[in-house]
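Only one structure is covered here, and it is reproduced in the block below.
Labels for the chains are A, B and C, by order of writing; each one numbers its residues from 1.
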Amino acid sequence: MAELTQSTPPAKSVLEIPLWQVRLRLLWRSLKTNLALFAENPIGLVGVAIIAFFFMFTIIHPILMNTVWDKNTYDPVVGYDAEIPFHPAPPSAKHILGTDPLGRDVLSQLMWSTRSEFILGLVAALVSVVIATTIGAITAYYGGFIDNFFMRLADIVIMLPYISILIVMSALFDLTLPVLALILGILGGFGGTTIIIKSQALTIKVRTYIEAARVAGGGDFHIILRHIIPNLMPLSFLYMMFAVNGAIASEAVLSFFGLLNIRMSWGLMIYTSSYSGYLLDFQKWWLIFPASLSISMLCAAFYLVGRAMDEIINPRLRKR
Amino acid sequence: MRRYLLNRLAQNILIFFAFLTLVYVLVDAQPGSYADQYLSDPRLTPAQREILKKNLGLDRPVLERYFLWLRNAFRGDFGISFSNYPRQVLDVIAERAPRTIILFLTATILSYYIGFLTGKILAWKRGGWGEYAATIGGVGLYTVFLPWFALMMVWFWAYTLKVFPIGKFLDPVLWRQSPVDANYVFTRMLITAFLSALILFIVFILARRLNPAQRTPVRLVTLAVVLIGIFAYWSSTGVGRYAADILHHLVLPIFTLATVNFAGTMLLTRNSMLETLREDYIMAAKAKGLPDQIVRDKHASRNALLPVVTSFVLAVAFILDGGVITETTFSWPGMGLTLLSAALVQDIPMVVGALVFTGIMALSAHLIADLLYAFLDPRIRYA
Amino acid sequence: MSETVLRVDDLTMHYTTRAGEVSAVNNVSFSLQRGQSMGLVGESGCGKTSVAFSLMKLLPDNAHIKQGHIYLNGTDVVSLREEDMRKLRWSKISMVFQAAMNALNPVYKVGDQILEAMETHGLVETLQSAREHIASLFELVGLDPKLMDQYPHEYSGGMRQRAVIAMALSCNPDIIIADEPTTALDVIVQDALLREMIELQKKLNMSMIYISHDIAVIAEVTERIGVMYAGRMAEFGSAVEIFKHPLHPYTFGLMSSFPSIVGEKRELVSLPGEPPDLINPPSGCRFHPRCPYATEICSQQDPEFKDLGGDHYVACWHPLEAN
């Protein structure tokens, strides 16, 4: 149905309206139908709801820190509650999710970390998708040596056990959050995502409007930039969702092993507890559960959104 | 067919070389390698430093060092592991790799088998809340934070129910008076498993040529014979209870891994099946009046299998990655745990050895995948 | 009068879509005798293929037969249970698909795919005799019997089409539906194949429903013609009758949009406008917005589908003869 509405241009007045307005209107209309499709799928909505829930954390945390929460007690990294004699303390009215072995508020840590998870995920995803889309469009358009080179490179990259390599890297130099985001983005961008986006670009390349653009005298650069890449966008956006989920999961695992040089993250929260010997202490659930659940849920949320988008973008999965 | 396989073989070998190079660059291009630490000892005189440099081979040009490394890597000589001093890296790998492989191969095969079956059914019966529940549950399992999930499994099965041991490869108390060491028993277990799997595989394949009525009895009898044979062999050796101990320790990690991986396969199979079900030959098969089950199992799933095979290969290639996480949680002394602990103490030879091991695993997996593709898709076989 | 193998009575089928109910087939009636060939013509989207799939009851989940009956050898298949319908498919009514090129599963040998259909319907006594039967079918459709042990991708487009026809014949059905089976092929192969199919149908005394958008082709090869418009049967009768005296303005329009090589020179008339939206079909006669003869009544009341004599049915308020 989406194509149907897209392909019906406003019949009469097309010549009187400036081009950008027509484009905007078409964009808006396709967005609207796609949103309607998306809203029909409870799976995607569940994902969006979870993401919104965590995004709320990033907004609420600074507000709480500046109003209700005392800085010395609730700071996620250097805070300490001196009124409680023994840490980790179980959940109470003051500390809704208890305190960690170092006397810091778990809820505050959880909320504070959300922001860095989002930044990491989005940066990694953006880097990976920009690389993959560019390479995908170029290799599909030109073919030949460039194509061969990047596809063989992708073959190697998808073979890399990247967690193991990151572990090795972290042993050799300091891995900070931006560096990690960059590495994950590059590994993703040159790997599997490129292969998928390229195969999509190949199907676009043979469409008639590309031929038409070429006949009309469009240069290679113009065609790639104005015709191929815009048509790859939906797929790129979709793979961004999967990349976010991969980046967050990787960070969590590396932090869990204590290999990253970061101030606070969900993975690090679990590492701190396990480092202090509480990993198998199932009575103190607040040390492991909130962070683990957050990692799992945020990853699942992005994955669910990606899947729901897949069913819209990929007509072969559509129900009718 | 032959050209296709030769082509793929050449490509894979090329990729493997590139991988080895990458591992070399990764280690050699590091600022501050262990050699530098060693050399920067202030008590060394410049002359001594030169001698050391020469002994370590650091005075030679990069390219020469690279080829030297390649040569040694092919001879299986990765040097001596610092953290397992004075054992050779290869020796450590030879001990630990089978433990990882057996753990992951069993779990992966199990999860793909179950995942494929469930995904197939999920795609066939599309719509309704069952589908949403299965998808959300599947995604939940697929994206769950693995260390935590493993921990929960330990908590539930080992801590609360006390059905399985909490972790580790064996029970040290039991093994104290053991006449043989763990590797002795484990090697024999591997051989037994391999031989019985081979016998079963051959008999099952041969049984396909028999009449449908005879097929199942023949297979069941063979299975019974093999099981009795295994039981007889292990009772006669006298170390059966030690083997049983190792098996007992294997169950929980395999179960955990299979549960997590099965979800991913299920989701993938579902999508792949949905795409196949739109093909015209599925409609044709239905029009021919074939029963639904045959349309699904013979026509659709055979074609939907290809992407699943690809993902299976990638899963095998990522054994070490999964190994790091699972083996840490279960204290399973395999390659993953070895890599992590080696990395933490900068045991570079061990790390490199572990990475090359993964490369070999991935390479073999890709080759097997190429063979499987040729077997499954006649378009490749006769191209 | 010979035996009626198929009678469709007042068939109505709807699709439920996001945008609303699509009335794809509406009150369609026709019948077919044994050994007779029939053409079903109309623009794309007029419901030809929907009729074909309704006959085989191979409808997607969102399609519902709202009313009407389909009598196949006297049995009403609309109310038939799926399991019983499955046994009728291919053994009584088989089909050559529109995209026959893709109707063969790429991972199985062509011969095995035919064998499978025969096996399902209990037509295989020994493997040897079954293979001989398939070999004879291959010869019948002009294929080398040796090809039956090859895979579909080793065939050319035309060969695949022939294989699919052989497959459709394999269980000796009473009726074969051919849904634009030649559109994917080049013109010369198309024509040859079409003639061969008609020959085969005569030789084997089967009934055939031939679906096409090309009324000239249909009129040339089939005995009876049904013209469909927007899910309705507009006109139904013998090919000669319809070609000589079309009654419905739409049929006339369709015929005029093809040049005639043998007949006198005529001006080519193209039908103005587009086929209607089947979610909100026009009131009254569905053709009235495009009809040059439309009057008030056309937009208000639905014309009845009735026999105007000589077994020539039409649904029109102003049949052309009358004008």
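Everything below uses one rule, namely that a contact is a pair of C-beta atoms (placed from the backbone, for glycine too) under 8 Å apart; a residue touches a chain by one contact, two chains touch by 3 or more.
Note that the coordinates shown come from a computational prediction; the quantities given were computed from them, not determined experimentally.
Engineer: Of all chain pairs, which one counts the most C-beta contacts?
Structural biologist: Comparing chain pairs, contacts are most numerous for A-B.
Engineer: Which chain's C-alpha centroid is most distant from that of chain B?
Structural biologist: Greatest centre separation from chain B goes to chain C.
Engineer: Which integer distance in Å separates the CA centroid of chain B from that of chain C?
Structural biologist: 54
Engineer: Express in whole angstrom the distance between the two chain centres, defined as the mean CA positions of chain A and chain B.
Structural biologist: Each chain's C-alpha centroid was found; their separation is 28 Å.
Engineer: Give the residues of chain B touching no fewer than two other chains, as numbers and ranges.
Structural biologist: Only 127 qualify.
Engineer: Where does chain C touch two or more other chains at once, residue-wise?
Structural biologist: If we look for residues of chain C contacting two or more partner chains, we find none.
Engineer: In the complex of these two chains, what residues of chain C are touching chain B?
Structural biologist: Touch list, chain C to chain B: 56, 58, 61, 86-91, 94-95, 97, 99, 102-107, 116-117, 120-121, 151, 153-154, 164, 167.
Engineer: What part of chain B is in contact with chain C in the complex they form?
Structural biologist: Listed in rising order, the residues of chain B that touch chain C are 127, 279-281, 283-291, 294, 299, 302-303, 376-379, 382.
Engineer: Give the list of chain B residues in touch with chain A in this complex.
Structural biologist: For this pair, the touching residues of chain B are 11, 14-15, 18-19, 22, 26-27, 30-33, 126-127, 132, 135-136, 139-140, 142-149, 151, 154-155, 159, 166, 267, 271, 274-275, 278, 314, 317-321, 324-325, 328, 336, 339-340, 343-344, 346, 351, 354-355, 358-359, 362-363, 366.
Engineer: In their shared complex, at which residues does chain A touch chain B?
Structural biologist: Against chain B, chain A makes touches at 42-43, 46, 152, 155-156, 158-165, 167-173, 245, 249, 252-253, 256-257, 259, 270, 279-280, 282, 288, 292-293, 295-296, 299-300, 303-304, 307, 310, 316-317, 319.
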